[in-house]
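Pasting the structures in now, so scroll down.
The same subunit A turns up in both complexes below, where it pairs with subunit B and then with subunit C.
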Partner chain A sequence: MRVTVLIISFVLMIASGVIAFTKGAIEPVVRNIVYIHVPASICSLVCFGGLFVFSIMYLIKKKPVFDYLGAASAEVAFVFATVLNITGMIFAKAEWGLWWTPSMRLISSAILWFLAAAYLILRSSFNEQGNKANLCAVFGIIAFVDVPFVYISARLMRDIHRPSFSFDSSWQSAALGLAIVATIMLASALIWMRADIEKLNKRLN
Partner chain B sequence: MNYLIGAFAVSWAVYFVYLIYLSFKLNSLNRRFESKYPPGK
Partner chain C sequence: MSNSINIIKAIFVKDIINELRSKQTFASMVVLSIIIAWIFRLASSGVESAMAAAVIMVSVVFSSILCCERSFVVEHDEGCIDGLLSASADRGNIYIGKLLFNVTMLCIFDCVMVPVVCVCFNLTPAGNLLKLIVILLLVNIGVSAVGTLLGSIVMSIKSRSSVLSILIMALIMPMMIPAISGLLMVFSAGADGGMFSAGQSFSEIAGMMAAYDAIFVTVCWLVFGFTVD
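Entry: the complex of A and B
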């Protein structure tokens, strides 16, 4: 099942790439980075949402499975936040001529990466399961505060980063939609694998 | 164009390296689990 999700995700990614570079190419060519940057950003926010939900579920129900899923969501969020920030920096260099600038959207996205890293460091610095899971769940809930801020930062305040991207043709919207679906499927499969690792580790120790 | 290729290469590299890392880790844990608790015993 997990392999099927991964295969479908890669097929959709390739389909999105084919549409993007044939019928849906954006001018100037460097702006085609949106086909990677936007799905990665949506996925990192969705993973942070998962971390928030699983942390609350763990604190309410105290079932280890929610702790495993929360930890998996945080690690996958870190991976997507890394891609988000790297592709964002490349896009910024190509569009604005600088790798990074202190704008609210860019700062809040960098904070997102640091929060995911902090969660992983916090998790690796504890041995005892009960305390570790409780503290990580509380941190996961607090870390979610940055997510709405990332979303509204470029919409509410004047920012060098545009709030949304307008397309010229429906092919471009279709390519981006496919890329978003593919990346969310990839994220789900990765969270699934990571949660299984956490579960097996717990059983073996 | 170089920026675009660079962005695609970095993102695919990150996804693939992480996916391969998870596959190896999951396989090695599965092997350890099966040697500790053999199936059918």
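Entry: the complex of A and C
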């Protein structure tokens, strides 16, 4: 099943890429990074949402599978937050001449990355299993509660980020839509696989 | 209700007496903040309200890490946490007792640290003293709310100091932005500060920080039981 999801996501990604580079190309060329940047942004938030839900489920049900899924969500959120920040920096350098500047959305995406990194560091710090799953679930919950505050407080900063992308043709919207769906499917498959690896790891130990 | 207040009071008084006897945490917090202020002063050219605001926030964050780590490490290393838990005290009350102790420690620390920073950077916030007190109090509550919970999370980890500093700093970022914006208002007498957008009123900033405090105190109080059981 997860292999099917993975294959579908790759097919959608290729379709999105073909549309983006033929009928939906944006000028100047660096702006085409939006087809990676926006899906990565949405996906990292979705994965954070997954971490929150799985953490609450673990604390209520105490089933190890929710702990594995939470850890996998945090890892995938970290990967997409990294992609989000790197593509954002490339875009910023090309458009504004700066790699990074303190502005609303740039701070928000940097803090998302910090939170995912902090969760992974906490998870890798425990020498013995003990209360590990409980403690990580608690941190997962408060990290997610932090996310809306990141967006609210960042409103205090001056913003040079584009408020939204206006597309000239429906091909561009279609390419972005396909990219978002494909990335979310890819993230789901990755979380699924990573959780299975964690389960096998536990069985081995 | 009175039982809860008694438990909170007992934990708070125990921690205060413990600190009064050793004075270890407070002394480290003050010395650290003086060193931070001194290093930043070397890099500045005189009256710099932006740098003073940054020094105050850096000092509060690092001192809160020392304070919050210590408040649970002592319990864990001496085995007192088992006693606290087996005394059938409500977990939430233990959290509130510890939180009150950490907020009190940070407030006393602010009384020493802020004059040192003002002297170092030739600042006179006398006209905006009330605003300064409000911001520092809200920062202390927010940082302590998160720090107290995280202190209990990392108490069984070997490299707890480094992990705690990463966790606290990642979580209090949203609090730092309005806090620094508010401090800039206090030190530059209402003038707009650099990268912050103009038009934010002090009450809006204080309201944002109060909302952060209220939500994090509530969430941390609710989930604290899971970290110690």
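Quick notes on this structure:
By definition in this document, the second predicted complex is superposed on the first by the 189 of 205 C-alpha atoms of A that agree within 3 Å, B and C clash if a C-alpha of one lies under 4 Å from a C-alpha of the other, contacts with A are read in each partner's own complex, and residues count from 1 in each chain.
Rule of thumb we're sticking to: contacts are C-beta pairs under 8 Å (C-beta built on N, C-alpha and C of every residue); 3 or more make two chains touch, one makes a residue touch a chain.
On a predicted model such as this, the values are computed, not experimentally measured, just so you know.
By the touch criterion defined above, A:196 reaches subunit B but does not reach subunit C. In the superposition on chain A, contact is made by A:131 with subunit C only, not with subunit B. In the superposition on chain A, A:94 makes contact with subunit B only, while subunit C stays out of contact range. In the superposed model, A:86 lies in contact with subunit B only, and not with subunit C. In the superposed model, A:204 lies in contact with subunit B only, and not with subunit C. Of the two partner chains, subunit C is the only one that A:121 touches; subunit B does not reach it. In the superposition on chain A, A:65 makes contact with neither subunit B nor subunit C. In the superposed model, A:33 makes contact with subunit B only, not with subunit C. Measured by the number of subunit A residues touched, the leading partner among subunit B and subunit C is C. Of all residues in subunit C, those touching subunit A in their complex are 146, 149-150, 153-154, 156-159, 163, 166-167, 169-171, 173-175, 177-178, 181, 195-197, 200, 205, 208, 212, 215-216, 219-220, 223, 226-227, 229.
The part of subunit A that touches subunit C in the complex is made up of residues 59, 102-103, 107, 111, 114-115, 117-118, 121-122, 125-127, 130-131, 134-135, 137-139, 141-143, 145-146, 149-150, 152-159. Against subunit B, in their complex, subunit A makes its touches with residues 6, 29-30, 32-33, 36-37, 40, 79, 82-83, 86-87, 90-91, 93-94, 186, 190, 193-194, 196-197, 200-201, 203-204. Those residues of subunit B lying in contact with subunit A across their complex are 1, 3-4, 6-8, 10-11, 14-15, 18-19, 22-23, 25-26, 29-30, 32-33, 36.
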